[in-house]
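The following pair of complexes shares a single chain, chain A, combined with chain B in the former and chain C in the latter.
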Partner chain A sequence: METEMKFKQLLTQYTGLQPENISNDMRFREDLSMSSLDFMTLLGDIEDEFDIEFEESDQVHITTVGEAIELLGRYL
Partner chain B sequence: MSSKLVREFMADSAVQYKGLDAVKWLVGKEVQVLKYEELEAEEIKVRHGIVAEGFTKQQISIVGFTSVEWIEAYLGIATTNNTAVPLDAQMKAEELYELIDRSDSAAVFLSKKLEATIPALLAACPKVKKIWLLEGEPETASEEVGSLAALKALGEKSDADAAPTAEDIAMIIFTSGTTGKSKGVMLSQGNLAENVKALMFSSGAGVPLLNVLPIHHAFCLVMDWLRGFANGAVICINDSFMHMVRNMGIFQPVSMLMVPLMIETVYKRLKNADPNVPKEIIAQKVFGGKLKLIFAGGAHLDPYYIEKFKEYGVAVMEGYGMSECSPVISANVPGAFKPGSVGKPLSNVELKFEDGEILVRGSSVMKQYYKMPNETNEALKDGWLHTGDKGYLDEDGFLFINGRIKNLIILSNGENISPEELENKLALNELIGEVIITGENNGLKAHIYPDPDTTQGMDETELTEKLQAVLDEFNSTQPTYRRIVGLRVRKYPFIKNATRKIKRTEIDRDEPV
Partner chain C sequence: MTTYKLTPAQNMHNIWIHNYGTQQVSGVSIVAALKAPMEFSLLEECIREEYRRSGCLRLQFTKPDKKGNVKQYIVSKEKPMGEIKLVDLSGLTYDEADSTMQHWAYETFDGDNIPMCEFRLVKLPQGYNGLFVHMDHRLIDASGMVGIMGDLFGLYASKVFGTKQPDTPADFKEVLLKDLEKCSNERRLEKDRRFWAEQLDTLGEPLYSDIRGRGVLEASRQKHNAPELRAADIVLDDLFVAVKDYYLEPEPASRVMKFCERNQISPTNLLLLTIRTYLSKVNGGQEDITIQNFISRRSTIDEWHSGGSRTIMFPCRTVIGRDTEFLNAALEIQLLQNRIYMHSNYDPALIAEEMKRRYNTPDNTSYESCYLTYQPVSVSTNSGRLKGIPMLVKWFANGAATKKMYLTVSHTDRGEMKFSYHYQTACYDDKDMELLYYYMMKIMFKGINEPYLTVGEIMDSI
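And then the complex of A and B:
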């Protein structure tokens, strides 16, 4: 839960939405109006915040908030 | 032509800016540095090495990501009479081979990440005699495959040289074209020198700028790198878009070159920051604390962002250019700045207007497209380059752009997409009767009229699902910026003109003819 909260707090920087208003089925592009570059810099924020490094191939398959949290879980 | 060629101003900078940092980059979390005199020493080794290997007056491709090795290789080529062909390392392999082959490249500098592709590259490009890996050593070295390091070692022991003249072609830049086939813009040593000279606005020697755009683009290569070196700037490499904000904190740049999409991303951070925190503090956090100036180009920027960034102490200056003009045509600069315009034309270009279209003539306009005489004659008439953009000069001499004539889609990340190229590929699918690609909301959208025979009996949901699957499969073979994110399924065929070509201006009409 703590990971999820931290992640959603990072997301507020791009969406202006409070963490409690971000649901896991929301899609980055369609529902949160994030561009591909927003998404890439978000990944950068996650790497810094959690001190991890994503594999390039993993980044391609994420479309929803829930998928990102699940992926993050695999790195922690 | 009196402007200094790349070789001359690099030699001058090595003396004038001796002791100053020329390039800074990250290895892991450590900052690495190359000073001006060290950079020139590396450039000279590469130069001698290339000529000692027997390459003069030939094309040499560079396929790699922004790095100090990339720029050493580029300067090595550009300070001889050879021609550099910078290519996008993220391109699909077959497209990359096609451009290497079509440019008649005799050698290639290649990213270590692409080492596994060497056998296929050599097979597809029989004119390539030598490949040098930009980083590290090859797994198995051979007569055909070596490394930049070995080339420099050879160059260190050699004084082989082939100095360029202003008329030599310094670079071929491939650009998307409306015909669907990319065109090789031939820029001479003199073209580049003139553009760098005309851009002599400087933040001062020793002042850091952060390079965030892909280095194979003319806009980035000339504006950031060549202009930066001529002015003694410290050019810091952003290793990944992912870490742009963090790297602004590390390198503390004073100026940056960006495309509108990046400006929009950074703005989101500013806008969504805690409103109780003072703007100076937010700016410090987001921009690294020193940023004063952003040069924007590559696509239209909404003047809204110029106003907003000003509140955080950052001036956003929009410019205009195209590869065919080496590339800058006009630019806003401190002291001559009008929001909404793309600035005043550079001192070495003349503008005129034909039915609203901007025509450019001057010393940085390209010679021709490589081996494309018809396309050259279409673009260059009586020395005037037809830009395909519509615009006007206001009473103070500032240029305003108000439309594009060509169909080329310029996404707000600055990438150019030729819709015909994608349409031709998609049209091969049996479910697709007619297709048009448009650029909308920073992404590409496919408007599809399904083939009535192959889709007979399908309901709307099934049809949409099947067409989406076609797009998904297509997207999986494309770089991110060329992926199609929107789909509109039509009920009726597109409206056509007299010669049965689809009228792109009426694609939103979906009704029986």
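And then the complex of A and C:
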């Protein structure tokens, strides 16, 4: 839960939406209007925040907030 | 006084200033005017208020060291900005007024520890009134400039019509510090270094391609007596730049954007594919092509609303065979670009250094002839009562190009796509640009109409 909240707080900086208004089924591109640059920059911030390093092959499959949180969970 | 290092994006401009020996290469200028009477005293008040609101406008630089390195600092908002002149050009023809402003754009900010931006209030022909801004690119990029102009007109509308004041911009200093922290993060730096090294490990030394074909590289090979040379000379002593603009009409422009939307390809990547296909065609089918692409690194809300110079260029190098389908080629470029985005905090000067170290290329040579920037945002007045008033917006070339050909693609408020080619006259002429635009359109539309054609089939058919 703490991971999810931290992740959504990061996402707030990109979307302006409060964490409680970000649901896990939201899609980065279609629902949150994030460009590829935004998404990749967000991944970089997550890596810094959680001190992890994503495999590139994992990154391409993420389309929703829930998928990103699940992926993050696997690295922690 | 607290001084800070330059960010990689600022450093890119600083290196050009040092290498080309003039600040002129870092000038950026724009005029924005409304076809309406203006209360210039109020507009001046708004400019002074914007100067206090936007920290990037108050940036100054220390004296460069021997290598040209400078530090930056933010002047206190309490220190008043200098004089803002009102210049009346309304009695001139439009072309004469344009020529006057073009000369302002050629001016340089010479000296250290001095303001690096200048505003003028302007009365223009045909009833247009507004302001002209001339700045150093280390303070601002095009997106930042668009934001500041929008903010200024918002402030003006609030003073004249009592509309809501625009929101306070994000704190420039905070965003700057975050940027500096990111680019000095050792772990991140190492990851970026690995990524860029891997590009060279995998593909080896890049190969130059020119808008005019193989002759340019051959001439460099002869000059350096190096038949295997893969980079071509750049021009340092004649930086004069000319501009050729083309407008793609709203209907075909809309087809381009719909293709991008339908296939989830960003317009930048479609443009990169289009240019690389042209370069491949005129360079004997060369498959290894590099184009420098500018990325406007604005993702967080604060980054969008803090002004500053965040645009940075990275080489987009792809090796795409003739048999690759157009759509797949676009996706291949997109995949690479996405990987580059992840590493866009890196300083491109370090990539250039690494290539120089590995391949020992002669000084003042390059692997690229084309530079691209796609600029989706444009200056507009969305502030209540100003909305709908005809607006004149024009960006002026600084007159000194560091790049052989720099293409800016943007959208007009009439729904067109604007292709603005800035080229060094020492390298190209307007005929080259005409051909480039003509073939770019042929390639792009052939590709979006028949995305399953191969790149080779498209090259052969045009």
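FYI, the second predicted complex is superposed on the first by the 76 of 76 C-alpha atoms of A that agree within 3 Å, B and C clash if a C-alpha of one lies under 4 Å from a C-alpha of the other, contacts with A are read in each partner's own complex, and residues count from 1 in each chain.
The rule is simple: contacts are C-beta pairs under 8 Å (C-beta built on N, C-alpha and C of every residue); 3 or more make two chains touch, one makes a residue touch a chain.
Keep in mind the model is a prediction, meaning the values are calculated, not measured.
**Q** Should A:Glu53 be classified as contacting the first partner (chain B), the second (chain C), both, or neither?
**A** second
**Q** Determine, under the contact definition given at the top, whether A:Glu67 touches first (chain B), second (chain C), both, or neither.
**A** After superposition on chain A, A:Glu67 lies in contact with neither partner.
**Q** Using the touch criterion from the header, give the chain among chain B and chain C with more contacted residues in chain A.
**A** On the superposition, C touches more of the residues of chain A.
**Q** Just to be sure I read the superposition right, which of the two partners does A:Ser36 touch: chain B = first, chain C = second, or both, or neither?
**A** In the superposition, A:Ser36 touches chain B and chain C alike.
**Q** Can you list the residues of chain A that meet both chain B and chain C?
**A** 13-16, 29, 35-38, 40-41, 43-44, 47-48
**Q** What part of chain A is in contact with chain C in the complex they form?
**A** Its residues touching chain C are 13-16, 29, 34-38, 40-44, 47-48, 51, 53, 56, 59-60.
**Q** Write out the stretch or stretches of chain C touching chain A in their complex.
**A** For chain C paired with chain A, touching residues are 182, 185, 187-188, 191, 264, 266, 295, 297, 299-302, 334-335, 337-339, 341-342, 344-345.
**Q** Residue numbers of chain A touching chain B in their complex, please.
**A** Chain A reaches chain B through residues 12-16, 29, 35-38, 40-41, 43-45, 47-48.
**Q** Mind pulling up the chain B residues that touch chain A in the complex?
**A** Chain B residues touching chain A: 240-246, 261-262, 264-265, 268-269, 271-273, 413, 442-443, 480-481, 485.
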